[in-house]
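Presented below are the structures under discussion, each in the form of structure tokens.
Heads up, the next two complexes both have subunit A, just with different partners, subunit B and then subunit C.
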Partner chain A sequence: MKHGFLDKYSDLSSPLHSLSATTKVIVFLVLIIVCVTTAPTAYFSFAGYLAFLMVCLAVSRVPVIHVLRRSLVVVPFLAMAALSIPFFSRAAEGRNAITAAHPGLIVFQGIALKSFVSVCSLILLSAITPFPHFLSALRKLGTPRLLISLMSFTYRYLFLMVEEFERMVRARDARCYGGGWLWQTKVVGRMVGTFFVRSYERAERVYHAMTSRGFDGRVPVEDAQPMRLKDHLFVLPSVGFLVGCRIFLAPGWLF
Partner chain B sequence: MHIPPGYLSSEVAVGTYVVGVGVCTAAVWKANRDLSEKQIPLLGVMAAFVFAAQMLNFPIPGGTSGHFLGALMLAVLLGPLTACLVMAVVLAVQCLGFADGGLDALGANIFNMGVVAGAGCYYVYVFLKRFLPKTRAGFLASAAVAAWFSIVLSSAFCAVELWLSGKLPLGVTLPLMVGIHSVIGLGEAAVTVGVLTVLMEARPDLVRDRLSTRTAAMVAE
Partner chain C sequence: MKKVIEIESLHFTYPDGTVALRGITLDVLEGEKVALIGPNGAGKSTFLLHLNGIFRGDGSVRIDGLPVEKDNLKAIRQKVGMVFQNPDDQLFCPTVFDDVAFGPRNLGLDHDEIERRVSESLAAVGMEGSVKKSPFRLSFGERKRVAIATVLALRPSVLVIDEPTANLDPRSRRATIALLRDLHDTQVIATHDLALASELCSRIILLDSGQKVADAPAAKILEDNTLLQAHGLV
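Here is the complex of A and B:
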């Protein structure tokens, strides 16, 4: 089993890892919100967010390469944004006329900065918080119980299902998968169908096993670790710093 | 098609969040009322299934590849609102665990891939099924066409949201997104038909529960 591809490194021990999940969710949520609402040309604000991220990254001892590699998910959309730079007309965006930069370029650089900072903060958040703790924090912050139960099931069975699916892919490749595009699609369709049947039957077995152990429809979710003094000592300065960067270093509340 | 963070303007992000969360709230409410306790493990495993099946890429002529979405298949098998709920869970886990899709764009992603692709296109399927002959082929054809629409429509909505946010001009993204996804949609349709075919042979009870008795009798033949 290849456990931990979802919240890899969340079992390290560092000052950041030991904080309550609620704390981490609040701080990183604030970071993402202030980041996506910052004007694209407020370079000092973005420098502040990046500095905050780098300090957290250093403290958490999560490898930088892990964060960078995962952040590549933004590339396809970024390519589409880059393609559309020339299509912005200079006249349409009057407020950028003073800066002499092409409005398309400004939009692109805003997108690039925002998506990079937010993606890295999400990656870091998932690398310092074990997923079950994350769910208990979400529960504490008011997510409906049903959604939390579903997400904890998803997390529990994800590894199993991915392994099962990889096994099927291996079996298919061993039987000379190839040939025309149409033929491949047909094989893939049948494979996903078989996989569906297997998953469904697994769900039925799981349900029977759970009922025989007294399942009454409620999935127990561990209580969130309460916020202690060190959590407050982390939340207040961090939120203060981020909101400060947003207000004092960037023009305008909304861009 | 997962919109990354930083692409949507505040207005679009909030608007799609309101719609997405609204539909999910309705789904949670309905699920709390109607679903038996048996459904909770079932839906959780279904979400894990969709997650794993989305890791499968099928090749597209021209060098790129697309992956299975599964929203319409879920809607046909579990009903439109439940499909929305499962897609929302999948997207939330992908966003929080993998940073696939932005947290600010989670509402938009749920809207595109859950509400539009799952619940919306379910009605395309229902509409087609009413007019096509009530046979096995008619059932599969309506699911296939609706599956194609689920991909194309959600990519079109994605392009429109990016345009409304003032980030990408519609003239570039709409043809680009719809063009690529009308090919991916063919794969989605084929996989959906494959899943339903296998299910009709292996577990006809799962398909039959969701169909009217007359169609079900035809499908069972």
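Here is the complex of A and C:
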């Protein structure tokens, strides 16, 4: 199997890995919420968030390069956001006391910082939490069962589907695939169609196998690990620090 | 001897009009290991799906004397342990533990009993070391074993297995046959593997075009080369 697992490195052992998944979900959720509500020019707040992330990263022993490489997924979205810069009106200028830059640039910089911090948080979270634990933590925090089931199935069958598609691609290439682009798009279209039908049939077989074992519409999830003393010792200072960064290091209380 | 499975003139037609079963009547006694053989498209898998009410055709199907009807489905599915051909269809949970615990959880058993059944079932198939792994990190042969464990955890009265040796390498195939020999008394095994049928089963039922063509002691059917040839099995 060539493709990496979603929760690569989640089986390392470190103080962070040993915490309950619920703890980690809470802390990183708080980080993302305070981050996206911070004003784009509150550089000290962002520095605080990044410092927090870097400390966690160092403690977790997850390679920095892993997080950086995966954080590249935000680039296409940032490019889309960048396209919109010229369309911000200059009329909003001067509203911000710190800088007189083009308002579009300020918005863009906000989007860039926030998406980078948020995505890095998620990558780090997935690298220190095995996915099944992540799901039971979400369940404990009140996520609807249907969403949990969807995520659980996606995690289970994603690799299988990637492999199946790879097999199709290999079988196609083995028969001297080539020709003009019109022909190629036609072939790809048919492959996607076939893939859809196969997935649909697989879903039916999986459902049969589930009902054979008494499935009644609810996917049972294992109980989340309980939060112990060390979890509270991590949650309280972390949340305090992050909220502190949000409130005291930003210019102005709110946006 | 007690009848575990009783089927009377079972007919089934798919929604697209394909006639799959044309009047099948048979019994399986407690403790019997029965092989269900037949060419591709004979109706073997369709037939198996009737045993726990996933498909419901015309005719009567009884498990342990209990008719397969809407109200009995939960009890029926506990009694009939159905192992599907492709373990990837059967194993859908993030960990092996969750998958084996899926059936017992659906039965509403308490936590200790669930853990007991999981470790007992995994031990029975020799996979006790994989409790925490994800199914997709196991080899095909291992997934097949775990798939068997997932239904053992229901403590069924009959084990129904679709193609247990398909796609296995010779060593895993041998291991699976040995496993099935040691496991559980009553088994219905759909297979193309005649060697498996002769080694494991006392009785063979030959299905073709949705009909029961022959039903006799294994040795007798396996000797009848003309019969096997006529139905594309040798």
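The working rule: the second predicted complex is superposed on the first by the 228 of 255 C-alpha atoms of A that agree within 3 Å, B and C clash if a C-alpha of one lies under 4 Å from a C-alpha of the other, contacts with A are read in each partner's own complex, and residues count from 1 in each chain.
Here is the rule we go by: a contact is a pair of C-beta atoms (placed from the backbone, for glycine too) under 8 Å apart; a residue touches a chain by one contact, two chains touch by 3 or more.
Owing to the predicted nature of the structure, the values given are computational and were not obtained by experimental measurement.
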item	value
Subunit B versus subunit C as contact partner of A:156, first or second or both or neither	both
First, second, both or neither for A:107, with subunit B first and subunit C second	first
If touched residues of subunit A are counted for subunit B and for subunit C, the larger one	B
Which of subunit B and subunit C A:212 touches, first, second, both or neither	second
Which of subunit B and subunit C A:132 touches, first, second, both or neither	second
Which superposed partner A:68 touches (first subunit B, second subunit C, both, neither)	neither
Subunit B and subunit C footprints on subunit A, overlapping residues	131, 152-153, 155-157, 160, 202, 206, 210, 215-216
Contact footprint of subunit A on subunit C as seen in their complex	49, 52, 54, 74, 77-78, 80, 82, 84, 86, 88-95, 97-98, 101-103, 105-107, 134-136, 150-151, 154
Of subunit B, residues touching subunit A in the complex	2-8, 10, 13, 24-25, 28, 31-32, 37-38, 40-49, 51-53, 55-56, 58-59, 61, 68, 73, 85-86, 88-90, 92-93, 95-100, 102-104, 166-169, 171-173, 176-177, 186-187, 190-199, 202-203, 206
List of subunit A residues in touch with subunit B within their complex	6-7, 29, 32-33, 35-37, 70-71, 73-74, 77-78, 80-81, 83-84, 87-88, 107, 110-111, 113-119, 122-123, 125-126, 131, 134, 144, 146-147, 149-158, 160-162, 164-165, 169, 181, 184-186, 188-197, 199-200, 202-204, 206-207, 210, 215-217, 219, 254
Subunit C-touching residues of subunit A, taken from the complex the two chains share	1, 131-132, 135, 152-153, 155-157, 159-160, 202, 205-206, 208-216, 220-222
